[in-house]
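Next come two complexes built around chain A: one with chain B, the other with chain C.
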Partner chain A sequence: MFSKIWKWIQTFSSPKYFYGTAGKLIPWFAAGALALTVWGLYLGLFVAPPDYQQGESYRIIYVHVPAAWMSLFIYVAMAVSASVGLIWQIRLADVIASASAPIGAAFAFIALVTGSLWGKPMWGAYWVWDARLTSELILLFLYFGYMALQSAIEDQRTADKASGLLAIVGVVNVPIIHYSVEWWNTLHQGATVTKFDKPSIDTSMLIPLLLMALAFKLFYAALVLVRARNEVLYRDRNRRWVRELIQKL
Partner chain B sequence: MNKRSRRKMLVVLVLFGVSVATVLGLTAFQENLLYFYSPAQIAAGEAPDSRSFRVGGLVVAGSVQREEGNLAVQFDLTDNTATVPVSYDGILPDLFREGQGIVAMGKIDSSGTFVAEEVLAKHDENYMPPEVADALKAAEQARRNESI
Partner chain C sequence: MFNAFSHLLIRDLRLALRARHELANPLIFFVLVVSLFPLAVTPTPELLQEMAPGVIWVSALLAVLLSLDRLFKQDYDDGSLDQLMLSPNPLVLLVLAKVLAHWLLTGLPLVLISPMLAVFMNVPADTIPIIVLSLLLGTPVLSLIGAIGVSLTVAVNRGGVLLSLIVLPLYIPILIFGANAIDVAADGLSVKGQMYFLAAVLALSLSLAPVATAVALRITASR
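Our next item is the complex of A and B:
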């Protein structure tokens, strides 16, 4: 049983097999992401009612919240694949990790910018140094650190090792971001959806939010596969299967 | 121990070490990580009295007094345990209203009034349409009338 799984992992993680399979999967993920985004945005911006306190401006949560969730999700995905790459030395895992970093950084950046734009009219300040905002900013810097290490070290295996360790170390920041609003007094409000209680958001507002969250997940899946395929081609540029691929063009 | 499990140990140890260091660090800086003090903490004398700090709480309903002709405003801030009077001279954020949570930055003066230099609104994690909020309020009112 176990050896079967191991064999399957080895087949799938061979760069050549991955390149082909990922290429077939990308259109499905991309189409799903597009459809869900259109549906989610339509429900969120036109159908969902305004909020009793914030009026129309709460609608920024349909971008802000999924982006913030994705910045955490992608970091965990990156750290897990980095440790798989480190422990079992599966090259594809390192590729996935390094392909994820810029996408996660972009989502963290979007979360920070949209939050700041909303914060000015609602809180009265673009930025405050409370625990939630600060820890999310640190997450963005962790992504930058990972990317910097990846490109600063010439030798690919050393680069993967060093940046992978940074990704693993940075994982402690993830629970801090999530629980910051409970552990300390913050200006940022507490969790609405991801708590053990019933979500404290009206169903008509929750459904578009979940649709958008799913849309962002599919978008990430499509994008990470595109980037990973690129990376695999680049890393294997001197191998035979890539040369054969090029000759076929 | 083979190489693979040694690497596994390394990753686990690194994670464990960093987590312990973070927990210790955060505990040590617990106080500095608080974005604001509550009125109860001020009443208990936990807030600094020489430098500015932030206080957070709910604006007491019916306590907001505005002055004619300028932006000066006074209100009481409560956490349902203690209450602090606050005075402020400036533009208030959109979400500032009675019963709403706010965070003010400033100092306590000699008379015990908190003189704010900045007022930020802190909103809660509840999102609902206005009709639902009205219905909830009506239900609350009915419940109260019943208990009287």
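Our next item is the complex of A and C:
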């Protein structure tokens, strides 16, 4: 049983197989992301009622919150796949980790920009040193550190391992940073969705939010596969299967 | 095994004491940076007192950061780091010895000089023990986390800026609680919570950081 799984993992993680399979999967993910975005935005921007307190300006939540979720999700995904790469020496996992970093950084950046745009009408200032904005900013710095280390080391294998270890150290630190910042200062409205039993957000607003979150996940899946495919192609540029691929073109 | 620990510790201390001018540099840097702030603002006692926790902690952070290079750079350049890794003793223990030496040479002096800087910044006398205590708990963590960063970047050319980019975000919790403890103490409130947090982070990094550092050193050496 176990050896079967192992064998399957090894086949799937071979660059050639991955390149082909990922190519087939990307259109599906992309189409799903597009459809869900259109649906989610329609429900969020036209169907959901305005907020009783914040009026229409709360609608930025449909971009802001999923982006913030994604920035954290991708960091964890990056750390998990980096540790898979470190422990089982699966190179594809390293590729996925390094392909994820810029996407995660972009989501963190989007969350920060939309957050400050939302902050202006609500708090009266574009930037407030509020707990969750601050920890999002620190998360962006963690992404920058990862990418800087990855690009500073010339040898590809060492770069993967070193930045992978940094991602793991970072993921241990993320909750510590989050809570220390939280206790330090908070102005942010309380979480509206994480309370599983009864979210304080209305269902008509929650459904588009969840749709958007799903859309962003699919978008990430499509994007990370595109980037990983590129990376695999680049890393194996001197291998035979890449040459054969090029000759077919 | 513990023989190796103490030998390495003594070796590092002895090497540092033979280059005394270098030893004083982080300390002078610390004092210098703290004294820049009163020059940059109108130094009224109230303003200085309000800024003091942040200024002292940020300066201590930067002083440790700039001294981190000393941890592995020289050993990496002259090859003794490779010898350490070849030794039969657990690398984690050796890393711990090196970090302890680093803290004794940079962190501890900062702690000892901090009362003087507190006077510079018009901090009331009864808050000074809190400054010393928060630095005493916080600076070892700075050395421990810094060791991970150095071991990842030691082989990179001009890795200085890269090192700060990697390490500074990880320092933030220490900065927050260290500075906050001083702030709260100045208002006459209890600082137990902050001190427990600093102690907890110290315990956590004492147990995890040397392991991560050892792994990082092996990665660096494998190229």
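One rule holds in what follows: the second predicted complex is superposed on the first by the 235 of 249 C-alpha atoms of A that agree within 3 Å, B and C clash if a C-alpha of one lies under 4 Å from a C-alpha of the other, contacts with A are read in each partner's own complex, and residues count from 1 in each chain.
The working rule: a residue touches a chain if its C-beta (ideal position, glycine included) is under 8 Å from a C-beta of that chain, and two chains touch if they have at least 3 such contacts.
These numbers were taken from a predicted model, which means no experiment stands behind them.
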Exercise. Looking at the overlay, what does A:156 touch: chain B (first), chain C (second), both, or neither?
Worked result: neither
Exercise. Who touches more of chain A, chain B or chain C?
Worked result: B
For this session: May I ask you to decide whether A:87 touches chain B, chain C, both, or neither, giving the answer as first, second, both or neither?
Result: first
Exercise. Who does A:177 touch here: chain B (first), chain C (second), both, or neither?
Worked result: second
Problem set entry | First, second, both or neither for A:148, with chain B first and chain C second | second
Exercise. What part of chain A is shared between its chain B contacts and its chain C contacts?
Worked result: 165, 168-169, 172, 176, 184
Seminar exercise, completed: Within their complex, chain A touches chain C through residues 138, 141-142, 144-145, 148-149, 152-153, 155, 157-158, 161-162, 165-166, 168-170, 172-173, 176-177, 180-181, 184
Exercise. Which residues of chain A touch chain B in the complex?
Worked result: 49-54, 58, 61, 83, 86-88, 121-125, 128-131, 165, 168-169, 171-172, 176, 183-187, 189-192, 200-202, 204-205
Seminar exercise, completed: Per the touch rule, the chain C residues reaching chain A in their complex are 148, 152-153, 155-156, 159, 162, 165-166, 168-170, 172-173, 176-177, 180, 197, 201, 208, 212, 215-216, 219-220, 222-223
For this session: In the complex, go through chain B and note every residue touching chain A.
Result: 4, 7-8, 11, 14-15, 18-19, 22, 26, 30, 33-38, 56, 91-96, 100, 103, 118-134
